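Listed after this line are the structures, all set down as structure tokens.
There are two complexes below, and they share chain A, which is joined by chain B in the first and by chain C in the second.
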Partner chain A sequence: MVTEIEVARSLQTWLNADMGNYSIPRERRINVVIKPASLRKAVKNLVEGYNPRFVTISAIDHGLDIELLYHFSIGGIVATLQATIPKEANEIDTITDMTPAAHFIEREINDLFGVKFRDHPEQRRLVLPGDWPPGDHPLRKPHEGVIPPSARLPVETLLSTGCLTTVSSYVKQRRERVGLPPAPPAVCSEKELLPEFQEIMRQTGFDGKAGYDWGKKKLRYK
Partner chain B sequence: MKESIGRQRVLIYHPERCTGCKYCEMGCSLQHFGVINFGKSHIRTVFDEKTKELESVVCMHCEDPVCAASCPVEAIVKEEKTGWVKINPMKCIGCKNCIFACPLSVPWFDEDRRVASKCDFCDPVRGGNPICAEYCSPKALEVVTRTKAWSFNEQRYLPGGE
Partner chain C sequence: MKRFTLFLGCQIPLRMASVEIAARKLFGRLHAELVDLEGYSCCPDPVVSRTMDRKMWLTLAARNLSLAEGVGLDVVPLCNGCYETLTEADAVLRREPETRREIGEILLRFGRKYGGGVRVRHFVEALHEDVGIDVIKEKVEKTLKVRAALHYGCHLFRPEEGEDTWRKPNMMKELVRATGADVVNYGVEHLCCGFPSMHADEAFSLKSMLLPKLEEMDRAKAECVVVVCPACTIQFETGQALLRRYGFRYEFPCIYLSELLALAFGVPSAELGLDFHRSPVQQLAQRLEGN
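On to the complex of A and B.
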């Protein structure tokens, strides 16, 4: 009889650094976070090692990313592989050759969410009618995060430079009247403070929530 | 002759492995009719409320098929080499005799085409590699030789079996 911990340890051995955290929310249930690139490796080892039953694939649109949950039943234990793909890439490998029953589930996800499954043997529509406009996926949300349009530029500026607000002349006068310098000390005024500030943003998870790309130094949406 | 019949491939069903997910039915209707519709599947997996057991009604491709014997227009033919029993829809007159004759009632009446329809072992589209068995990830449906199917079914369904 396989246990939840055994499944997690096996996946850890097979995937090493490609496996993220895992959780066992309750009896006979295990969720494992994996990198999308290692999906095929994980499924191949799972199929060869445990001969699981493929249950289904769920897709969740988080706005900026699409989360794909691959559910397998291993002797009564439901193991879920969680792979998150950014909408910019919008692609993941197919697992149809290893678990043939994933064939039409992947086609359905492609129809409804617009996720492309690389090397899928039959990339035709399944649930959408023939005259449905191409490129329109009914369950796909707009590519944007939680920051409202009016706040996007300030958030982008804040994360990249550490500066947020402009100070009005009225506030400057009030500050001078009480003996303060006209502008408050800001992170951007001292360069050495910026890395510390950005580290705080990372630790609080604000960058991820806002959808900030540290490489391009701007938000992933406009 | 018996040896060649024994080598023919048929489907067997392991109820203890089946989870009732009906992927077999979805795959079958998708393969043959391009839709996911349980009513258009050649295989039927049923759950018995009384015994709480699952059973799959799947064509056995009988050695001496009664559906073929009951057909008044010889629309049902048993292929000699492969042993698969197939309905020719161009010949079928939709009399439903085969449906009543079959002990498992495997053939079903297709209201859209007004002909009887049944499992063709996914031949020739998939080269006799049935999609139901391929989609069945717990491997409750299995393609085996007729010899193995004889002993399996004997053990499972005849008195004295398991």
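On to the complex of A and C.
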């Protein structure tokens, strides 16, 4: 009889770096975090290796990202593949060709959450009525993170500079006018210390929690 | 000569440099040296940051404390929020060995270490106790004839273990009285200004938190409000402007304790850059100089 650990090891062999952590929260349950791009590879591994029964897909809207949980029953073990897609991308490959029972649930998730399933063979509504407004997905939350509107600019400034307020040329001039150095001796004005500060933000996970995009130096929401 | 490490924080040097310059002149006249803490970051703030991510809050605070430990002097923040963060982070790291180990591991990755050897002193404590209230009184050159309402700010009431919650607020009151100012009793001194709730509900913050304080200050015939917190300063200054939208007009000058003391020590207002303020502090200072 297959065990939870065997499923994890098999996926690990197939996916390598595309597989994240896995957990066995209780007997006969295993959750495996995977990269969305490796979803089909993971499902192929389960289908060909274990001939599982597809149970369903759960969708959770976290505000900035949508988490998709693909549940399979393998000889009495429920194995769940966890893939998280950013709302900016908003799409993932279909698995309908490998597990036909996913056909309806992918259409339902598309209706309710607005997630697009690439190459789905029948991309039309399932549960919403025909006259439902296009683009309106009733279970989809606004694209927003946890930082309240009035704190978004200070948080962006903090993550990009190390201080809550920008050291602008205007501030520098005004400081010099009253006889102070143009900037305080802080991370925001000592550029060689900024990488250390920003690495702390990464290592504590604050950047992800706040929804910060390091490339754009902005929060992922306005 | 007394020596302290100065923790400037973000808001004071970048938004209200008059508070910084006043503190430097003030400590200078008291022959107390302020050594700048080099390479510090945002403290970070003790309300939003700590609520959102305690680990990040503690790690950054511990990094700042480790820098201060390297200097080897008591660290003096000019801001209530920085004071609370540094004091409470230090207390948490002493109280929780597992947390201390976890945060210590992160700091070590950057070659830093905090051994718990820093004493954090609010600038009110540094002035009142370490320099001494009697020395302050001796240095007053100009008696300030003004009716002052004190707003202590919530964080000044945070007691260290076993401390009377009014210990630091009472020190602030004595320091203001030392300038000759008449401290008015308006009854709601201990209430929050409403700054944190601005993030959630502007109308509530202004009309239910700030406005009752302004009304009572007005009733007590106060001529200014004295603060020790940049967030409270922002709330009083921009809050009074925003309240006009709701039909309420108040124009209390909101002066920082360091600025008030500097004026009493005879520092000319022109040297303080009081035009950083968004309330009529400059006009108040000129009037006090003229008296």
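Quick note on the criterion: the second predicted complex is superposed on the first by the 201 of 222 C-alpha atoms of A that agree within 3 Å, B and C clash if a C-alpha of one lies under 4 Å from a C-alpha of the other, contacts with A are read in each partner's own complex, and residues count from 1 in each chain.
In the analysis below, a residue touches a chain if its C-beta (ideal position, glycine included) is under 8 Å from a C-beta of that chain, and two chains touch if they have at least 3 such contacts.
None of these values were measured; they are calculated from a predicted model.
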Review point. Touch check for A:Ser150: first (chain B), second (chain C), both, or neither?
Key: second
Practice item. Tell me which partner A:Ser73 touches in the superposition: chain B (first), chain C (second), both or neither. Key: first
Check your understanding: First (chain B), second (chain C), both or neither: which does A:Pro100 touch?
Key -> first
Exercise for review: Once the structures are superposed on A, label A:Gln203 by its partner contacts, choosing first (chain B), second (chain C), both or neither.
Suggested key: second
Practice item. Classify the contacts of A:Pro185 with the two partner chains as first (chain B alone), second (chain C alone), both, or neither. Key: second
Practice item. Report for A:Pro129: first if it touches chain B alone, second if chain C alone, otherwise both or neither. Key: neither
Exercise for review: Kindly classify A:Phe54 by the partners it touches after superposition: chain B alone (first), chain C alone (second), both, or neither?
Suggested key: first
Review point. Does chain C touch more residues of chain A than chain B does, or is it the other way round?
Key: C
Review point. So, A:Gly162: does it touch chain B (first), chain C (second), both, or neither?
Key: second
Practice item. Could you pull out which chain A residues touch chain C in their complex? Key: 146-151, 158, 162-167, 171, 174-175, 177-180, 183-188, 190, 193, 196-197, 199-201, 203-206, 209-210
Review point. What residues of chain A sit close enough to touch chain B in their complex?
Key: 51-55, 73, 99-101, 103-104, 126
**Study point:** Of chain B, residues touching chain A in the complex
**Key:** 19, 21, 23, 26-27, 30, 36, 131, 134-139
Check your understanding: In the complex formed with chain A, which residues of chain C make contact?
Key -> 8, 10-11, 13-15, 17-18, 20-21, 24, 36-42, 44-45, 48, 52-53, 55-56, 59-60, 63, 106, 109-110, 198-200, 271-273, 276
